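See the structures that follow.
The following pair of complexes shares a single chain, chain A, combined with chain B in the former and chain C in the latter.
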Partner chain A sequence: MIRIENAHKRYRWRKVLDGVTFSAEKGQITCLVGMNGAGKSTLLKAIMGLTPLSKGSIRVDGVGSKRELYEKVSFIPDHAAMPGGYRLEDGLQFMADYYKRWNEARANELMAFFRLDPRDRVGNLSKGTAAKYGLVLGLAADTEFVLMDEPFSGIDVFSREMIGEVFSSRLIEDRGVLVTTHEIGEIEYLLDRAILLKDGKVARDIDCEQVRDEQGKSVLDVMREVYRS
Partner chain B sequence: MSHYFKLLALEVRRFRYILAGMMAYALIVECLAVAREIHNYANRYGIKEGTREPGVLPQTYSFADVIGNVQSGFALAVVLPLAALLAYVLLIWYRDWFGRHPFAFRLLMVPGGRISLYFAKLTAILLFIFSMLAWQLVAMAILKLEYAVVTPELLKESSRFTDAMYASEIFKLLLPLRFTQFLINYGMGLLAVMLVFAGILLERSYRIRGIVIAALYLALNVTLLVLASMSIELPLYPSETVAVCLTIFGLEVAGAIWLSLKLITGKVSV
Partner chain C sequence: MDNHGGWMETAFNTRDPVYLQVVRLFKERIVTGLLAAGEAIPSRREIASLLKMNPNTAQRAYKEMEEQGLIVTEGNSPSRITRDEDVLRNIRSELLGEAVRTFVGSIRNMQVPLQEIVALVQEEYESDAQRRDRKPGGEGA
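What follows is the complex of A and B.
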């Protein structure tokens, strides 16, 4: 379980996170929802130690240390995070060199699924192709948790469908997924939980199935209630 | 440890073409400067291969003399690569933070790799500097070969390799004869790189505020070094002066490493 407790973060004078507390469970898809600048990406980066919190704690399976973090959790940012001059195969080799849990067979399978050419250069990739390549790098390792930052942002409809397929595949099964997205409609039916951020706080923490069954509402309906009020 | 060597290899791979370009540039400029100098000297005495104008008694022109007279050519050959290396002290960090696909994300997420990353970048810079230095020695041997080929027989005079090397002011600076001077020059260079690295990491951690803190931090360290150098004028024994200088140097090196590791492991942002 990833547990975020009382997270605070300031950018200069602006409070981005103001006491955010929630957890993401293994085997569930949890979605962080919020307006632009609500601190969704900041939270993902903070979990990965890519930006420090002003206050608060983050624990993965009860451990606060970063020592084992990167073998347990993989992060898929909204870009490829590889040098532009690298060929895609160089990026795969980089991951194989540093990660004990790198699964080469799965990486090759994903490259084939997304129809990526290993000889292409990272700098020449379109936004959609870079997003698919980011998914290969993030999902090929046998990590217990996957964090995804805006996987559908600025991507054409066919690429979205391919990425959407990944969410319902065995690649995600049994892992904990924490995803941020504006395009909630793409994966709404797959979500287990949604955390709605507003004014730096958790406005709602909902069990999607329960809300659907008991209140007959979708995540979008709850979002309208929270963000239009 | 294996991650450190892998990251070092990665840094070397990313700079290899620029390094090769700098080496080629330095060699070409030096070869041209030497050829031009010999040609001009020979022309002054009307000497062509094997013949000379009657009535003119030329003095021989040794390789050391040639090198002693191409100071500006050598300066041109060394200054540009040196400037490129200085710029790369900044770029080795910033290139990972900027661009469409910032690589810093990936590097900072290498398992157990942040301390290795810092030392890999530091070692890479030192490796590039010493590679350029070693290349200068190779270039001198090539220049000597060039001298043997292009100098008319009438002008040739043998000279020792070291005499030729130290006829160049740049070489005296790059490769001092006294080992202690070598240690001082390169020790100060290493400290400067460490201080700049700490400054960059302050900026990457605290952005605009970090620039101010980095400027203060660098000013403090430079002031301490100036004070240490002034200890020569104090009524101290030479061994005491050395002890004062070494203590301040050691404190600054330790401080820069401690601060950089603290920042890279807990404060730096992407």
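What follows is the complex of A and C.
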């Protein structure tokens, strides 16, 4: 479980996070929802130890050291994580050298699934293809948690569909996924939980099926209540 | 062309619980004969990826169907549609009853005499059957 408690973060005078508390469970897909600038990416980066919190704590299954954390959690940022001059295969090799839990067979499977050419260069990829390559890098390691920053933003509908397929496949099964988005769209069905951030706080923390069951509302309906009021 | 038994054409709505929509999908397939009594069904993992949904939701749908006696799972073998005649009959009357209730609800305010409705239903039923006769094999495409 990833547990975030009372997270505060300030960029100069602006409070981005103002006491955020939630958890993301293993075996579940949790979505952090929020408008642009709501602090979603900041939270992911804070989990990875890439940015310090002003206050609050983050625990991943009680893991202490960073080195251990990187074997447990993979992070898929919303921008290319490899130098533009690299061929895709060079990026895979880099990951294989760096991560003990790198799974080469799975990397090749993912490359084939997304129809990526290992000889292409990172700098020449379109936005959708770069997003797919990001997923390969993030999912091929046998980590228990996967963090994805806006995997669906700004890419074409077929790439979205393929990425959606990955969510329902055994590539994800049993792992904990924490994904951010500012538009819920077609990933509604894929989620277990949605955490809605507003004004630096958690406005709602919902079990998606429960909200449909008990209130007949979609996640989008709940978003409307929160963000249009 | 292989469309995986038609599973992949399914579209869910976002306001009803997805697991109940899956249960409903199975009931429709049973009533229309696409799934036969005793037939093996896809595993939870397979159905999740066919319907592109969360594996936890697939798990929940199968659990619900087991509780309703719709499917039976014995040991490690694949789950199967029940052979229990009573359960199968109940599904049919449940879906039929629902469809009729929806129909009646949608014309309730028009104040049409029952006789006229019955006649219209009969007319539509017959011309629908004729339309389908003219297209042997059901679908042209």
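What we mean here is this: the second predicted complex is superposed on the first by the 226 of 229 C-alpha atoms of A that agree within 3 Å, B and C clash if a C-alpha of one lies under 4 Å from a C-alpha of the other, contacts with A are read in each partner's own complex, and residues count from 1 in each chain.
Everything below uses one rule, namely that contacts are C-beta pairs under 8 Å (C-beta built on N, C-alpha and C of every residue); 3 or more make two chains touch, one makes a residue touch a chain.
Source: prediction; values computed, not measured.
If you put the two complexes together on chain A, you find that chain B and chain C both fit without a clash. Of the two partner chains, neither chain B nor chain C is touched by A:Ser153. Looking at the shared chain after the overlay, A:Pro83 reaches chain B, while chain C stays out of its contact range. Contact with neither chain B nor chain C is seen for A:Thr21 once the two complexes are overlaid on the shared chain.
Residue contacts after overlaying the shared chain place A:Lys217 against chain C, while chain B stays out of touching range.
Looking at the shared chain after the overlay, A:Asn103 reaches neither chain B nor chain C. Touch criterion met: A:Tyr189 reaches chain C, while chain B stays clear of it.
Look at A:Glu173: by the touch rule set out above, it reaches chain C but stays clear of chain B. Of the two partner chains, chain B is the only one that A:Pro52 touches; chain C does not reach it.
The overlay of the two complexes leaves chain B and chain C separated by a minimum Cα distance of 29 Å. Remark: chain C residues 12, 14-20, 45, 48-49, 51-57, 60 touch chain A in the complex. If you check the complex, the residues on chain A that touch chain C are 27-29, 161, 164-165, 167-170, 172-173, 188-192, 209, 212-213, 216-221. Taken in their complex, chain A has these residues touching chain B: 45, 48-52, 66-71, 75, 77, 79-84, 94, 97-100, 122-123, 130. Only residues 3, 6, 10, 14, 99-106, 108-113, 265-267, 269-270 of chain B touch chain A when the two sit together in their complex.
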